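Both of the next two complexes hold subunit A, though its partner changes from subunit B to subunit C.
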Partner chain A sequence: MSNFPQLIANGLVQGLFIAMAALAITLAFSIARFPNAATGDVMTAGAYTGLATQSATGSLILAGIVAIFTGAAISLAADRLVFRKLAGRAVVASLVASIGVAFVIRAVLGVTFGLSQLVYDIPLTRAKLYWGVRLTPLDLQVAGAVALALALVFGILHLTPIGRQMRAVADDRDLARVSGVRPERVMLALWMISGGVAGLAGMMLGIKTVVEPELGWSMLLPAFTAAILGGIGSPGGAVAAGLLLGVVQEMSTPFVGFNYKLAIAFAALLGVLLWRPSGLFGKREGVR
Partner chain B sequence: MSLDIANITKNFGGMRVLDGVSLSVPTGSLFGLIGPNGAGKSTLFAAISGFQKQETGEVRLDGTRIDALTPHARARAGLVRTFQVPREFGHLTVRENLCAAAPNQTGESLLGLFFRPARVAREEAEIAAEAEEIMQRLRLTQVADQPARLLSGGQKKLLELGRALMLKPRFILLDEPFAGVNPVLIAEIAERIRDLNATGIGFLIIEHDLEALTRLTPYIAVLDRGRIIAEGAPDAVLADVQVREAYLGGAV
Partner chain C sequence: MTTTSRRQFLQGAAAGAAVLSLPQLTFAQSAGVFRIGALNPITGSGSTFGTGMLKAIQAAADVVNAAGGAAGIKFEVISEDTQTSPQAGVLAAKKLLDVNKVQAVFGTWSSGVSLAVVPLTNDANVILMNTSGAPALSVPPANAKGLSFRFQATNDRFGRAFAEVCVKEGFKRPATMAFNNASGIGNADGFKKAWEGKGGKVVAGVVYEPNQTSYRSELQKVLDANPDVIVTGSYLQDTTIIMREWYQSGIPVKWILPGWAGSPDLVKAVTAPVVEGVISVDSVSNSGAESYKLYDAAYQKAMGKPGSSNVYAAMTWDMVITLALAIQSAGKTDTDSIKAHIRAVANPPGEEVFSYEAGLAALKAGKKINYQGASSALDFDEYGDVTPDFGVSFIEGGAINQKYVVKI
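On to the complex of A and B.
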């Protein structure tokens, strides 16, 4: 017998990570106009630097801040050194370059932190029952932190001048330029936000599971699936689709087994591409 | 003090699209630019606004050369363009469309946002008030909080004008403001342009609707195959034999 409420709760927690990764991808896609395959390894970098900070200082909050800044810094550097130089070329050029960036990040992390699995040193806590669903306080804290980060990103996007300009560039880049919007400011904000979100997501995932070199890379497929599912370029859609995908993956495990979770994501991706190319929520976004 | 264009040339492939175009548009004028399809009018706008790099030639705004500036820097210098097919930030509301175009906002950077929140809030209030005033002037207040993609064609034209106004421009380049707009709205848009002109903003207007244009602009120039072939008062220009041949295909 499977406990479906439990699976749904697990799926939502898992979905939060997918949602954050998908948000980072969809933001970059709507403004920089390419699928950034380095997102996963930016997550991994956040997981490792967060871990190093936590073991050095013992503070998870400090670790979170370091993870955010690491993600932002790596993304900014990748933009300055690689992506910016390819802007205006074919999307495939940027995509392939971002895969290269991903490998470089992973190599640097491997040399710095080694290839073995590491775990965050966090005291084990007893799971509690909430309406028949077993959750640890850690689950709730991670979920709370992620929710806070999402709220902050959406607040920036919808309530601030830079967010307004980011959404303007996503809608029509040329029109933004004639409206006096400075593209370099927008790109700066984009990579800081997208990288920061990815870095934090990686750390949270590392806390929940284990920190290893493939941590972020293995999130890429579900994250891209959620980004496309949500209607690529739509931040709200990406988050909703990430949660949904997390739940679908968890719900499917009693039937197909843990090892085939990724296959479920892939099947969902194929299904969406075939039946709803503009995403579940059917919005035509950004891409022209 | 004016918008001065000197000797602009532009090639596409082997085609010379602009062939030494020079125009001097005085400050605060209403200046019409006409010409047959393919004469190079939109290309000239693209060169002036910085979307196309010209091969030779200079663009000066109030005597200062601006032809090396990026499009957004030209916009902030006071030279704003609109597009032939009206464009809008479709997912932003009308109000946000206007506010996005306000220049020099502290909240344009994340640092400014987090470290000078009071200043950002003050600027936001100013920008909002400005947007409100422009929406009132353009009669867009009732659609202020609608996503811009839902506007009618004519409202989108007004929104373009409004977005341009947020930048406090000295010159606005209008690319076919009357195309695809019904006659009632044409009169209204013309009225708005006249109002704005009365506040000192200069207009260079491309338009195919000669009647509507000549009613609005006391001065027009004719572009044909990349050259200015005539300029002056509309009556005199339209009576010009060369113009009639170029523009009306010789159907004199």
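On to the complex of A and C.
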């Protein structure tokens, strides 16, 4: 009686959001070397500024661009004002500082936009059946936008000089430096990409759900999980793990019910880490 | 360095988790006053109501202070945010109790928060006045000392009201969807008990987790049972997502929502056509009473909205007035004296009074009073619970129109 293709589709749609957030986290980790807990609130900022743009101009495309730039700008500012000053200290110092950054972002958003929920003004459309699977046009649009964003990020990482430098720094910072790579420029690019991805992810999530100050914060746990599961520092791994988590959660519901699906996701995480301690796509070193 | 990156990551994450939701500290202390801790859902899923609840506490405290205080003692209000989260609520309550030394805690919303906070107020021997519905708040261990007073209907009473509505509207095949906390499940279970007591059968029930990006699988499971109405114990954010996804599915069914979910904010969020015909059930304020008019005027002044937009603010307003009258009646501010006098000033028999000033005058004249609240007649039973009436509203063309009142 359970409709598994439908559950897989539901899981993939949910997984897309986890994947985007995990990608932003893992990108930052690959070079800055700490889990950035402010990622969730950068997403929230993207959702709010996108919403403001959309209601002012009516254009979702423009809203997406604004969300990306907001995310990038906040990440750059956080790096300049906080994270850079803590570079070289223990990871915990940067992590705790990033939680502080998260609080600041959330407080500013709360004061600016209020604490009540807001929604994107997008007409609701009925779902259509595709091979027995019920999907809404919005699902497909979100999936398309996410795919585009991922293609762009991977294009930058693998096809451009700055992307090559980023990967070099991620692999071995000292070796990259003696080879003439300027880490500052690389960091700049990295924070912009990570922040941009987070901003866009936040806007997508805001369209799909409701925009409220804890939008991104509540996404943080699954996103961290996916980042670890995929192999920390591995962008492809983060995306694959995000999708996998979404699907595993939904697929488990006929067997364990809806209350334990999160637990199942963590059981999957445990299983994978026992089998492959460096994550699905992590190298031995855990970074790439 | 590189081989330990995951370990560092996890260690860091654990350390971070410990400091996640520390409330900010403020220091406020002065002598000769009675300190009230306003512990409201300023953020999180209760944020629609939290700020208004706090403003109503402050406005009512101003009324009491302007009348010369309670037994000559002025009220001071110190506020904290529960974030509608039990963890944050506990930290905030600790801070109010330990740092600010508040003597009463008012306005916890959402049962998860109230249930988490009540052990602390019990330990500190402080009165907790809440607006939550969970049945567990009525009895020990939560209310072992009888210090918890509930200004909202219990979820059990909500469930009974839902069942009455189902009978009246002629529904035959109800299903339930409940948010996984004491309140959501309390609503669904209360409904099930009352409905089965009437000889009916609940065709499907789902309990779902908070903060999901989609509830499509949950919804599908319920709709597969082919119900004619879905009764929920839900909140605004999850209901927004559920109503959208239901509309997108195109499967016809009726809905009965609790008022905190089926609110004007829901209509605004999902647009009027989606929620056309949805039934919203809420405990109704005592809107014919003089006390309600006083509250309404104060709320209008503080929030720029009518008092009817926030049924919980009427409750927090009543908390302050009730406490002040109890202190005046007791002549003392220790918890046991206050507790002993709350029912004395709020329950019959006695002269019905509707404002603090009137109650104060009557008490000074040596009369027994029965405060009639803005939120309900405020008669506390042996568990510290009240029984408000329930308004049944239909969403029509985007407006929430109350059609009739159910008494249970």
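As a convention for this text, the second predicted complex is superposed on the first by the 257 of 288 C-alpha atoms of A that agree within 3 Å, B and C clash if a C-alpha of one lies under 4 Å from a C-alpha of the other, contacts with A are read in each partner's own complex, and residues count from 1 in each chain.
Keep this in mind: a residue touches a chain if its C-beta (ideal position, glycine included) is under 8 Å from a C-beta of that chain, and two chains touch if they have at least 3 such contacts.
Quantities reported herein were computed from a predicted structural model and do not represent experimental measurements.
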Once the structures are superposed on A, label A:141 by its partner contacts, choosing first (subunit B), second (subunit C), both or neither. neither
For A:183, decide between first (touching subunit B), second (touching subunit C), both and neither. first
Can A:192 be said to touch subunit B (first), subunit C (second), both, or neither? first
In the superposition, subunit B vs subunit C on subunit A residues touched: C
First (subunit B), second (subunit C), both or neither touched by A:17: second
Shared subunit A footprint, subunit B vs subunit C, residue numbers 285
Using the touch rule from the top, collect the residues of subunit A that touch subunit C in their complex. 1, 3, 6-7, 10, 13-14, 17, 29, 33-35, 37, 91-92, 94-96, 98-99, 110, 115-117, 119, 124-127, 134, 136, 205, 208-210, 212-214, 218, 224, 228, 232-233, 250, 253, 257-259, 261-262, 277-279, 284-287
Applying the document's contact rule, which stretches of subunit A touch subunit B when the two form their complex? 156, 160-162, 164-165, 167-168, 170-172, 174-183, 185, 188-189, 192-193, 285
Contact footprint of subunit A on subunit C as seen in their complex: 2-3, 5-6, 8-13, 15-16, 19-20, 42-44, 47-48, 50-51, 83, 180, 206-209, 211-214, 216-218, 220-221, 224, 236-237, 240-241, 244, 247-250, 265, 268-271, 274
Across the complex, what residues on subunit B touch subunit A? 49, 51, 70-72, 75-76, 80-81, 83, 87-92, 96-97, 99-103, 105-110, 113, 120, 123-124, 127, 163, 166-167
